[in-house]
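Both of the next two complexes hold chain A, though its partner changes from chain B to chain C.
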Partner chain A sequence: MSEKFKVTIDNIVIEVDPGTTILNAARMIGGDIVPPAMCYYTKLQGSGGKCRTCLVKVSQGSEKDPRPMPKLVASCRTTVMDGMVVQNITSPEVIEARKGVVEILLINHPLDCPVCDQAGECHLQDLSFEHGAEQTRYEFKRRTFERIDIGDKIQLHMNRCILCYRCVFTADQITNERVHGVLNRGDASEISTYITKAVDNDFSGNMIDVCPVGALTDKTFRFKNRVWFTKPVDAHCECDKCSGKVTLWYKGEDVIRVTGRKDQYGEVQDFICNTCRFDKKKTSDWTIEKPTEIDPRSVISANHYEMEHMLPVIDKKIM
Partner chain B sequence: MAQKILLKDIDVPGIETFDVFRKQGGYSAVEKVLKTMSPEDVVEEVKKSGLRGRGGAGFPTGMKWSFLAKPEGVPRYLVCNADESEPGTFKDRYLMTKLPHVLIEGMIVASYALGANTSYIYVRGEMMPQIRILEKAIAEAKAAGFLGENILGSGYDLEIYVQPGGGAYICGEETALLESLEGKRGNPRIKPPFPAIAGLYGCPTVVNNVESIAATSWIVLNGGDEYAKIGIGRSTGTKLISASGNINKPGVYEIELGLPVEEFIYSDEYCGGIANGKRLKAVVAGGSSVPILPANLILRTVNGEPRLMSYESLADGGFASGTMLGSGGFIVMDEDACIVRNTWNFSRFYHHESCGQCSPCREGTGWMEKILHRIEYGHGKMSDIDLLWDVQRKIEGNTICPLGDAAAWPVASAIRHFRDEFEWHVNEPKAAMEGNYGLAHYADPLPVPAAPSELVK
Partner chain C sequence: MESLSNRKKVLEQKPMTFMERMYLPAIFQGLSITIKHFFRKKPTIQYPEQKREFSQNFRGIHSLKRDEDGRERCTACGLCALSCPAEAITMTAAERKPGEEGLYREEKYAAVYEINMLRCIFCGFCEEACPKEAIYLDGDIAPANFERDTFIYGKDRLLEPIHNKVQNS
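This part shows the complex of A and B:
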């Protein structure tokens, strides 16, 4: 038996392997105490630490050294120690800081959800719904960029980008040539290929899946529909490039989008190739497994699924 | 005259050349360590000296060296941080221009102590003349057998390379510097791991400021204990101060730590008093990142004690009434200086220099700059002052690297100590555009509080 570390997160105790991050320990517990993560992505090495939405308070460093950590820490990049005590939603300081981060992430965001393909599955939308203020205190012109096509299948809406660097890590780690990165610095930073070159790679489409907002979108799906009117179904195919395990998004009889299969934190289980994503848009290309499990609270669930408890039939005569 | 260690021979003609430097006793520290000391001995002397990092954070150098991991078969590196870009700080440039061999000698001593066979000097890209000076000095030292293979027959090999930076303030942050040195985008790394464990190319690395490294030769020659005798308390030795602003004699001065601030500003040996017979309004004591203090608080602490040029005395009172020694960029403002404009100027700098990796700093620095600009140009609202306070609070402590804090502190301290000047800009925009708030009450003597408990805020 290998050694386990005991951590307490918002008064809940869990034992985890050494090397586990606070965020992943919290995900093992699950529920409301899981910090939101906009930049960390399990599959992408080196990701995390940037967005600062996952900040938590370490009120006891470890059993051996019980001193609290002087600052809030990024839970996605801080590993647990034995006897560590962490506060997330039980700390007003954390809630306050997170609110600040959300406000700051939104000051230059165009808030163009009504015309954004990501609406309904956007992590920034969820985050601002939970932590944001009703009104912004930002009274200046927002930063704007031109839209850029990265190849013929992907569009970059830099205005919406939160610079989480996930797509950069994706381009770096799962495509074989690094042609995609960050230009400029500070709030003038932009995600780009070098001089709008296409990212020409069989796995480039995964940049769309990792993007937490609507900055990188699938041009073959562009304006086709709102996600909450579509029906996701797990399916697979024989593919020699990737696992072939995908989610198909149906509108009526038509497959209008193919994505990787995402877990409850929006992370894909397997990266898929561009052929599966962009070229196989017929039901006959796929073996259907089952309806995709979606969090019942998500808007995507709103239209399609049987409610867990049917509402009682109201007998009109009585009323 | 106070003791000079680094700038001792600055007036010797030709001291920038190897021959003259050598005649003045230069490189004898290298001879001493290579012939008579083990690397551990050198680390021990530096520990004893109490030398603290001169790059801003003031971390004890000897302790930093002893933390360096020493796994078998893995190279270790010494990297000299000569990126000096903090507004108000220009001491490293001065030292490298006038006394390049002081740095090279220190580099050899420090590299030997750390067991590094390849060391780098990362110089701010704009300092091309200094880069050439250093390269010439390295070539001279190498020709004389103080660099290269088997130095002075000791069996120790060392090469020093000069790397120009790309011109970004953030590359002075040690992990961003390492990224940049590796040829990547200069984004600070997320710590841990610290450079002492995984630094340059993933190998154990020490990053030190020019001035810290330069001080080590004197320490090994004269002994750590001798160095520790200079200065006051835990602020040992001498420090280079870059003095600028409304003073009669701007320049770089080597002071013994513990010198009273008042003496530094007014004595003829140093700044020579406020220029044009004006009165002192405020001082930024340690480079643009540290809190600004009004005249009364920079000269005396809240307890009425004279403030000294030392790590502890400048920090006395914490954020409420103190500041920091930082990198020693001493910016003096007279009664005509506008605090709002100055704060805006600083925040413009941090906005421009943020690497943009983490959200609070990327977005918050720009937001602060815009609000300050609006106040300065007569369109501010009263609520803007509280908003500014709130934004800086959201940045401070919540970012990857200390640039976020460095952007927040000047704004926080300006509002804390000069709030009425901000309010005046809002209430009297026309007057604020045409004139300035003047000295106001900022130089009034402080009431000495009865009990320490009253100090809180």
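This part shows the complex of A and C:
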């Protein structure tokens, strides 16, 4: 099948290849109509369908069968059909459902953003800021766990985990044998390594990058600084294990953290190895390319006037 | 040239009269006002000894608060420093060790917390940004000094002393 499917997402028509998901079709259009995604990750096979934040309404199934889908569908797992009509932000039902999903995700998530190292680049923070309610209605005790060290460089805060399974898929993808997974079911489920076996794979650090919340954090960066006081810089190095393309996070003269390069949806472009991530913390190890482009609305670009991005309120014509 | 707006006032300079040229009536008039003020109520106060009452929303020197158990509330989240328009606040975070639960409220705390009172404009944004209700501008007026380094207030001067109630229990 070489023909293209015509999809309408929030009244914008786009032609995509058959087999594309609604989420990816929306990302081709870009802008505000892209559904948020907490668990779906382009680079991880089989991810998606867990968090339900990407719910959309399909008001017309296809050209041949124009009936609407009976329930809201997860756009990351639903492929497009020819003549499909999708509503995301134009449907009040979707907005309402997403608010409920955020509330569910936050039921057990501790509100320790002032302590959490992920704050400022946390997807759950963005999501609850944009879609969530101001107050929680949950009156019971949140589930709590002790902090677990996975290896000597990664720390797992199970309290903060939203069970998106991204790290599990990462572990499945980078190793042949399963090193960690989700134990137990339902409310009791938790991310764990088998018999607390340390993950010692060369690419295990990517679990930190794929984690949308602060459940998996870099121990070498723990409490070092807040994300918005550091300056991200694109850099690369010669590495025989990975592509070597990273983002360095500077505080003054020091590299305090190395991460993979993330795109606008917070997904890393290339997985990087642990040597690059944890051991090369000197400027002399790297060839610096340019400052990383940060969304001007992000807290990371707060007080960085050198970024020279005009805020959207300013009319381009008067520049 | 004629004025366009017609708002110009033309001042006439008249020669002074005899009474004006004598100056003495004007001097006595001025002196009488001066002497009258000797018997009025004084509006000034002797500042360092006497102090006026601050208004409800007065913003003075910052203080870092403790909670009801005497633990430091600040977790070094950096939101005060982020919101500070004068960039007066710096801090260094540290991790709470086991056994220090009575000292710090959260697992992270500010090991160093400095406010440069010369930079601070007492706008109160830090107070508003604080998610932990840890900083309040409820102190006095920042005192003057001759040395510039004395205006950098560390935790030793900002942190609220432990409540008496806690010490007794």
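Observations on the model:
Keep this in mind: the second predicted complex is superposed on the first by the 302 of 319 C-alpha atoms of A that agree within 3 Å, B and C clash if a C-alpha of one lies under 4 Å from a C-alpha of the other, contacts with A are read in each partner's own complex, and residues count from 1 in each chain.
In the analysis below, a residue touches a chain if its C-beta (ideal position, glycine included) is under 8 Å from a C-beta of that chain, and two chains touch if they have at least 3 such contacts.
Just so we're clear, the structure is a prediction, and the values are computed from it rather than from any experiment.
Once the two complexes are overlaid on the shared chain, A:Phe229 sits against chain C while remaining clear of chain B. Look at A:Ala188: by the touch rule set out above, it reaches chain B but stays clear of chain C.
When both complexes are overlaid on chain A, the residue A:Gly19 reaches neither chain B nor chain C. Residue contacts after overlaying the shared chain place A:Val115 against chain C, while chain B stays out of touching range.
When the shared chain is aligned, chain C comes close enough to touch A:Val299, but chain B does not. In the superposition on chain A, A:Arg52 makes contact with chain B only, not with chain C.
When the shared chain is aligned, chain B comes close enough to touch A:Ala74, but chain C does not. Contact comparison for chain A: of chain B and chain C, B touches the greater number of residues.
Interface of chain C with chain A (complex): residues 75-79, 81-82, 87, 93-95, 106-108, 131-132. Chain contact summary for the complex, chain B toward chain A: residues 168, 170, 185, 190, 351-360, 362-367, 370, 387, 393-394, 397-400. The residues of chain A lying in touch with chain C in their complex are 112-115, 119, 222-226, 228-229, 299, 302-303. Of all residues in chain A, only 48-53, 55, 71-72, 74, 77, 97, 100-101, 103-105, 107-108, 137-138, 140, 162-163, 165, 181-182, 184-189 touch chain B in the complex they form.
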